[in-house]
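In structure tokens below, several structures.
In what follows, chain A forms one complex with chain B and a second complex with chain C.
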Partner chain A sequence: MADAPAERKLADDEVRSGADPLAAPAVRRAGRAVAVVALLCAIGFPFVFTNPATTSIAFFTLLYVGAASAWNLFSGYSGYMALGNAVFYGSGAYFIANITNHLNLTGGVGIFVWVPVAGLFAGLVAVPVGWLALRTRRHTFVVVTIAIFFIFQLLAYNLQSITNGSAGMELPLPPWTAATYNNYFYAAALVVAVIAIALSWAVRRSHFGLQLLAIRDDEDRALGLGVRTARVKLTAFVLGAFVTGMCGAVYAYYLGSVYPPFAFEAIFDLTVALMAFLGGLGTVSGPVVGALLLEPLQQWLTLQFTAAGLSLILFGALFLLVIGFLPQGIVPSLEVLLRRLLRRRAR
Partner chain B sequence: MNGSELAKAVIDGVLTGGVYALMAAGLTLIFGVMEIINIAQGVMVILGAYLSYTLQVHAGIDPFLGLFITIPVMFLIGVAIEWGFIRRLATRDRTALSILATFAVAIVIEGLLTQFYSADLRTIDAWYVDRSWHVLGFYLPYIYLFGFALAVVLLGALYLFVYRTRTGYSIRASMQNRTGAELIGIDINRVSAITFGIGSAATAAGGMVYGATNTFNPDSGYDLISRLLVIVVLGGLGSIGGALVAAVLALVIEDVTAVLWSPVWSSTMFFAVLVLVLLFRPTGLFGQRAVRAQ
Partner chain C sequence: MSALLEVRGVAKSFGGLQAVRDCSFAVEEGSIAGLIGPNGSGKTTMFNVITGYERADAGSVSIGGRDVTSAAPGRICALGIGRTFQLTRVFARLTLMENLQVGRSGVPRARRQQLYSESRCLDLLDFVGLVDFAHVAAGTLSYGQRKLVELALVLAQDPRVVLLDEPAGGINPLLIAQLGERIRELNGRGVTFLVVEHNMEFVMGLCDVVWVMERGTVIAHGEPEQVRRDPRVLDAYLGGALEDEEEAAEEAAP
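Then we have the complex of A and B:
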């Protein structure tokens, strides 16, 4: 653990000098192949596993792949720890509940058309929220996002005319049978997850992504070098909110109802952050790996240990182990290992 | 609505604000010295409440007398958490990691409390909890008065400790300049452990009063930590005086909102105050360091 920063520095130097074995075309091709195989596996999954209990876990896992990637898109790249993403999750959920009720829509595939619109709505909410929160930096920013989260949760209870308060709102019931019910939502979650990963990948490779990384490394210097930090940060914040809002909308439709504590859930804020940390902050694949490991584990723990206390203890202990032993996350640690291996082979 | 209702709201706000100030002082002291945000502070208050509850129910010890046991116990728990989980954090992204690590500690404590006490709501009961002092036309619950007095005494003790003792000098030196303090021979690990212990000890007293004035279960820590975080940021991170003023201010505003507008919106106002203040002062009310530049 103590030599981790030194290792990282070494790796960075290699990248700079162009000697990074991971940048070799063969490795990149292998990486792309892994991504394609993973996507094919995700598409094939519901055909192989038809048990609703299994597909339900798979659905939630994909939803969190999307949400964790969205969190990473802003927080991972810019270094600003946002702990209030449930604001956008809940905004998306309440938007789709309102729109389906006002338009008297009947349940069916057609409802999914409103998912991207719910994402746009969440993005719209993120503009004033981000503008306000991003006036502060680092630690203060973290706390401000938490405060804004609680304001939204309380608003969900109090603005009866929009949210129906603690009584919650119902969404139209889809006409699907129990055996196929999960599959529609699985497909929707997969599409959202792919959009999230594609966005995250595109940002990481773009000039815009480099500006975000520059802000993470040294905001004042980035500003001095001509990065319009305020605009760049806000754009990334809104992009993340857009994807998170879509996740929230799919979640609400899946549950069939929206209640303040489920739409605006404090655990959600921290879960997405933990997933990105576990996988590797600021990498494209990190949040995906984190969500793929953590969400099934969490669901399994809850099912396995019906005593609520025990599953919390195990989850927290695992969390501490990850922070203690893999502070950089799984993906960067694997990269270091792979680099060493490739270098040894090259010699 | 009339004047006396308003005055009562202000008095209640000041009295409860004192107790929140004590809990928030621990949090802001920890931040000032160690640059970490202790998310576990909320659930540790609840742990403190359960300790007092247990001593009273099973050993018949009065909650205020029980503090002579629970305060040292919480101090030791704090030292152990610092030694076990905070000291070992990687230096890179330390603040971000500390948020996650202390959150994990909070989850473990919440799990342990759920395991031992179940999720049922409890409250600490004593003769002074449901009796009030009738003065100048106001009914002031004794527990609010005793809790406020306790907070004042402990905050005074904290002040004397930080400003009048050798260890206190080391703590303040570490707050001003961690590296510099290390260079002049201050054992930063020892100072960190003591600071975290003091911050935790404050939760023992805060938790006892909280447990006597509210019903609580292991889940109550989330609401508390969000309020405490708002208070410390409102006061300016790392500023103990700021936390005191902010705690009283925020709770008075919450109670006054309940009277002037509606109890439904009082909690929302609590959080909205922070947003409003940060619009004009991004460093908080008494931010000594330029938080923007951190």
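Then we have the complex of A and C:
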């Protein structure tokens, strides 16, 4: 949350992350190498693992890499905890369902062309939503985003002409065989995830990103130094919504149908936030790591314990553990560890 | 010399509390002005009104002849008014260099490159004696050091007027002397200062003019020596306090 003047003493490690000029280039180089290797692994994955059950989990994992990065792009950097990103996920899903039905498109790779357009639509939805929600701060902002989420879910049930209500909507059926079906979606999710990470990286390095971080630390001070806080916040909010909308569109096409409770899902809101928290709030790689760990776990839990509630209970418990014992998340903690090792070696 | 910053008849109340009433003063261009007064006399509220953090109930504020009453903080900043806060407000998780860079968006586009070049930022940190901490997060610094970071943050924008809210509070005497030197040095380069401060020695030694506030309004002003001898000031500032102490002593006595 955008904390008040930070009189509180920060933990030494928290404060020094990214602050050591000697260790920084080494860590950055290591980070770049890891990113390249990870990308190559992601590209090679479906060639090695051909079992549809496995590639399905991989597909969802990449989708959440994108969604969690998108959430972090706004909430992680600015400190505004949005718990209503499913609004944009659902908007993207319903947009692609509508456009494919209206244009009578047949299933195939061509449908993916509409994914970025669905993202733009979700970004458009985010303008009034953000304008409204960003008039508030801290806890009020969290509550307002949740409220807006439920309004959208209700609209999905009731705007029959656009959403077909609880009967849901069908998307065109792709012509692919069961053996290769997942691969197309895997590729699409990978592209969206790479866009999300690249965007998140570019923002983190830019002056725009610095302004977001300044807002996180002390919004009023930033305002007094001439940062146009309202504009900066809304821009980041819309960017996050754009990526989230693309994720929703790919998801809808994968399922082949859209229903209100799946498109506008409260669990989605919590999941993306938990992933970013676990991996490291406000870092580029944090949400990626969080999604890589949590999404397979969630899929596995759902398969193992089909009683739907159990995986949720475990998720809740995990959230508490993360907040309690790893408040900074995995990536910053590892970074601190790596720095210490480097420094020890240098001595 | 002309008044660069002019406050006329400003009033501000919070609920039932009249924090400032009919307050008027003016700061001449190129001067160092002091604003003193007992706790709760409305000095910080006045700062907040000038810099747009609080909206005045009545009265006007003008900068260089331009009316800026109740303008947004960003606009005040763009007009060349910088301020520091009584409780230091730096960006705790950003490094000092990053802290400085935040102000980049508050200066005209044409001057950004020049004002925010790496060498100038390092020079500024050197100026406040913190260049060794350029890549350390501001939250790790001591209170006094953070006050100096705030000063650097403000100076980075090359303001015409700097409002300092208790710059010497909680700072060790050596650092206070250093701070005074820095302020005089900047003043020599044409920067105007308005300083709120409780450290009388510091204020009297530094300022050209001192304005005295009590209960939300200005009761006296003049050169430090003049103010020091003003019976109203002595009464409000020192006498009052002494009387209170005497009363307290009497009450405490059996």
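Annotations for the structure displayed:
Heads up, the rule we're going with is that the second predicted complex is superposed on the first by the 315 of 347 C-alpha atoms of A that agree within 3 Å, B and C clash if a C-alpha of one lies under 4 Å from a C-alpha of the other, contacts with A are read in each partner's own complex, and residues count from 1 in each chain.
One rule holds in what follows: a residue touches a chain if its C-beta (ideal position, glycine included) is under 8 Å from a C-beta of that chain, and two chains touch if they have at least 3 such contacts.
Since the model is a prediction, treat every value here as computed from it, not as a measurement.
Within the superposed three-chain model, A:273 lies in touch with chain B and out of touch with chain C [touch as defined at top].
Touched residues of chain A, counted separately for chain B and chain C, are more numerous for B. Looking at the shared chain after the overlay, A:155 reaches chain B, while chain C stays out of its contact range. By the touch criterion defined above, A:311 lies against chain B but remains apart from chain C after alignment on the C-alpha atoms of chain A. Applying the stated contact rule after C-alpha superposition, one finds that A:25 touches neither chain B nor chain C. In the superposition on chain A, contact is made by A:220 with both chain B and chain C. In the superposition on chain A, contact is made by A:207 with chain C only, not with chain B. Shared interface residues of chain A (contacting chain B in one complex, chain C in the other): 5, 220.
Across the complex, chain A is touched by residues 31, 35, 37, 85, 88-93, 95-97, 99-101, 103-108, 110-116, 119, 218, 222, 226, 229-230, 232-233, 237, 264-265, 267-268, 271-272, 274-275, 278-279, 282-284, 291-294 of chain B. Residues of chain C that touch chain A in their complex: 51-53, 72-74, 76-78, 83, 85, 87-95, 98, 101-107, 134-137, 139-140, 153, 157.
Here chain A touches chain B in the complex through residues 1, 4-5, 8, 79, 81, 83, 132, 135-140, 142-144, 146-148, 150-151, 154-155, 157-158, 220, 266, 270, 273-274, 277, 281, 307-317, 319-320, 323-324, 327-328, going by the rule given at the top. Across the complex, chain A meets chain C through its residues 5-7, 9-10, 12, 14-16, 18-21, 24, 207, 210-211, 213-214, 216-218, 220-228.
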